[in-house]
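Two complexes come next, and they have one chain in common, chain A, joined by chain B in the first and chain C in the second.
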Partner chain A sequence: MYDFDFAPVFQAWRLLAAGAWATVYISAISMALGLVFGIVLTAMRMAPVAALRSIAIGYIELIRNTPFLVQVFFIYFGMPELGLRLNAMEAAILTMTLNCSAYIAEIVRSGVESIRKGQIEAGRALGMSTPDVYRFIVFRPAIRAVYPSLCSQFILMMLNTSLVASISAQELTYAAQMIDNQTFRSFEVYFVLGAIYLILSQLFSLGLGLIGRTYFSYPTK
Partner chain B sequence: MTTQNNTTIRMSAVNKWFGKMHVLRDIDLTVNKGEHLVLCGPSGSGKSTLIRCINALEEIQGGTIEVNGNQLGKKGANADHIRRDVGMVFQQFNLFPHLTVLQNCMLAPRRIHRISEAEARDKAMHFLEQVHIAEHGHKYPAQLSGGQQQRVAIARALCMGPQVMLFDEPTSALDPEMVKEVLDTMIGLADQGITMICVTHEMGFARAVAHRVIFMDRGEIIETAPPTEFFGTPRHDRTRAFLSQILNH
Partner chain C sequence: MIRTFGFPEILFVLEGAKWTILMSLAAFVVGGLLGLLVALARTSGIRPLRIFAAGYIQIFQGTPLLIQLFLVYFGLPLLGVKVELWLAVIAGLSLHASGFLGEIWRGSIQAVPDGQSEAGRALGLGYASRMRDIVLPQAFRISLPATVGFMVNLTKGTALAALLGLTELTRSGQLMSNITFEPLKVYATVGLVYFAICLPLTLCSAQLERRLNAQG
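Showing the complex of A and B:
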């Protein structure tokens, strides 16, 4: 019978804490940048200019139809050949941002499309410019409509950070692998690792829920 | 510039198609300052489309439209300019659900006229009081009844200081008991002398405020007459048929 011993795992708590922090850091930055870039992609995707639409569609399809791990490898190992040299952390954040923006763009687009035409017409009839109509009239209700999908995309993305351990970005999974190498307590290490991810995603859910209630909530029928 | 200062809207030979459907046929219409027009006709006759052309929510394929001396260009050029002089009230109210009543009224004046928040608030309160809904200024649209929402929509349009108000079936989406409060608001507005074009089937309203009633059918203006004449001695068969349908039930 295997003797469970979590002590060596807990002794390495500093490593885990640093890893967890790095995971939160990578995720939070990529979410923020991914949201901004995703909204830009949405705007391009819905633009009246065909060239912009094609670029956005091409980009979104490219990202959504290639594995995340391949994207990470491409940015970290491939791009230096073209002169773009990033450290593991930077490569991780860049890939996460590029990846999540494509998914966010599709989610945000469905939000924008859910807004009734009358809302846009009301803004136009008041003499507002198209950018103003989207910024002040469409944006909040559109995000509100897709906020749950947006949140699950964010959580999925946070969990995806575990893949950047493969380029030695020193996040949570990387820390766990280090502890495993030193202690050979694989079961305990990965059990605890799973638990930490679970806690992190709960915390993210709470935080995102709070943001949703603060900025994207208003009475509806 | 207009030659007659009294003319607010001039539509000449306006034609519009939705695909192959010819929805407006050679519309000629001149609306004078302070005039109140009621547009009626069977559904699909083009009356909503007609007023939506005036503020360029719909593009026209032929003819010209001039508002306050500004001609609406091809592909909606000059549209923003014209829209600032033309307020519109929609059948479905179209209030912005994420903004309070007050914010609904303040948004466009702040963005377009670049006035201060305090000034926008004062102006909004002024018009909200005029439509008797100021006490609900802090509420969101979903917390109001349909009639209240429509009155807010009227105030929101007035905040931009329009020369002309367009009403696109403003009472059609309302429960019957709320129709009166909206019509009363509109009658109040008419009494102040604002130019008004109203698409409606409320013939009582037409009798009370309209200077001219226009009957449309299949994209054409069939008959234009003052209300007494229009209801008393309609000239065209189609007008008579329409009136008998809506008045005898």
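Showing the complex of A and C:
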């Protein structure tokens, strides 16, 4: 019978805490950048210029139909051939952002499509400026409509950061692998790791819900 | 000797793709069977079953696939089960799939109007017959777009087997990259092979969704 021994894992809690912080940090930056880039992609995807639309569709489908891990390897190992040399952390954040933006673009597009034309016309008729129309009538209600899917996408992204350990970006999974190498308590290490990710995903879910309630709590009728 | 990334190397990568496809199919079938049980438990009238299924789904959706694979890989031997790496990976992927498919199918089962099941009950049909003959066939149709969409995710998920050392598509790419020193070409090729496998599924899923929406 195998004797479980979690003590060596908990002794290394500092490593895990630092790793968890790095995971939150990478996720938060890539989510923010991914949201901005994703909205740009949505605009391109719905632009009246066919070339822009094709580029956006090509990009989105390429990203969504290849594994994140291969994208990480492509950026980290492949890009130096083209002269783009990034350290592990930079490569991790860049890949996460590129990956995130494609999924976000698809989600935001379905939100924008749910806005009826009459709404925009009503805004114009009330004399709102074009930026205001986009901000208050298109963008905000569109994001509000798809906010739940956006949140689950963010959480999936956070869980995906575990893969950047493979290029030795120092986040939570990387920390766990170091502890595993020192203690050989593989099962215990990954069990605790799984529990930490579970807690992180609950915290993200809570936090994003809170942001959503603050930003989107305005009357609609 | 440094090799260039030529035809034999591309063939080697395609050999790896065979594993990717086999693993995806195996995990989908096994995960689908388990997932059906999870979905039925999640929608059943028995509260402990519902709570158990909800926890099960929460765990698989709230932890990274990589960690799930590690836990199965390192955990099975602790239970006294000695398995080959590829079996452990398929087991891990299947469990992962069962959590996600369970949740997708729960939604589809609940999307079938209650009246359908009630009418079955009024006609004196038992649970098994109500599910098999009335609810599940309708839920199946509703769930198709999301199910096919998940197959894309599962196929992409098999790439993580590379990190455990199984020579599937991504790992073949790593090996070729190591001997040719042309990672850009190699990973672009690997990416394109995944693209070729996944894009038809993605298009199929979008088509199914359009058809479902059209029928209302």
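What we mean here is this: the second predicted complex is superposed on the first by the 211 of 221 C-alpha atoms of A that agree within 3 Å, B and C clash if a C-alpha of one lies under 4 Å from a C-alpha of the other, contacts with A are read in each partner's own complex, and residues count from 1 in each chain.
Criterion: contacts are C-beta pairs under 8 Å (C-beta built on N, C-alpha and C of every residue); 3 or more make two chains touch, one makes a residue touch a chain.
Just so it is clear, the structure is predicted and the values come from calculations on it, not from any experiment.
J.: More residues of chain A are touched by which partner: chain B or chain C?
T.: Of chain B and chain C, the partner in contact with more residues of chain A is C.
J.: Contact-wise, after the overlay, does A:128 reach chain B, chain C, both or neither (first, second, both, neither)?
T.: First partner only, chain B.
J.: Could you look at A:119 and tell me whether it touches chain B, chain C, both or neither (first, second, both, neither)?
T.: first
J.: Would you sort A:137 into first (chain B), second (chain C), both or neither based on which partner it touches?
T.: first
J.: So, does A:50 touch the first partner chain B, the second partner chain C, both, or neither?
T.: A:50 contacts neither chain B nor chain C.
J.: Please work out whether A:218 is in contact with chain B alone, chain C alone, both, or neither, and reply first, second, both or neither.
T.: first
J.: Which bits of chain A are touching chain B when the two form their complex?
T.: Listed in rising order, the residues of chain A that touch chain B are 116, 118-119, 121-129, 132, 136-137, 140-141, 144, 218-221.
J.: State the interface residues of chain B toward chain A in the complex, per the touch definition above.
T.: Spelled out, the residues of chain B in touch with chain A are 55, 57, 79-81, 83-84, 86-88, 90, 92, 94-98, 107-108, 111-112, 140, 142-143, 153, 156-157, 160.
J.: In the complex formed with chain C, which residues of chain A make contact?
T.: By the definition above, chain A touches chain C via 2, 61-62, 64-71, 73-74, 77-79, 81-82, 155, 159-160, 162-163, 166, 173, 186-187, 190-191, 193-194, 197-198, 201-202.
J.: Which bits of chain C are touching chain A when the two form their complex?
T.: Those residues of chain C that touch chain A are 58-59, 61-68, 70-71, 74-75, 78, 152, 156-157, 159-160, 162-163, 170, 173-174, 177, 182-184, 186-188, 190-191, 194-195, 198-199, 202.
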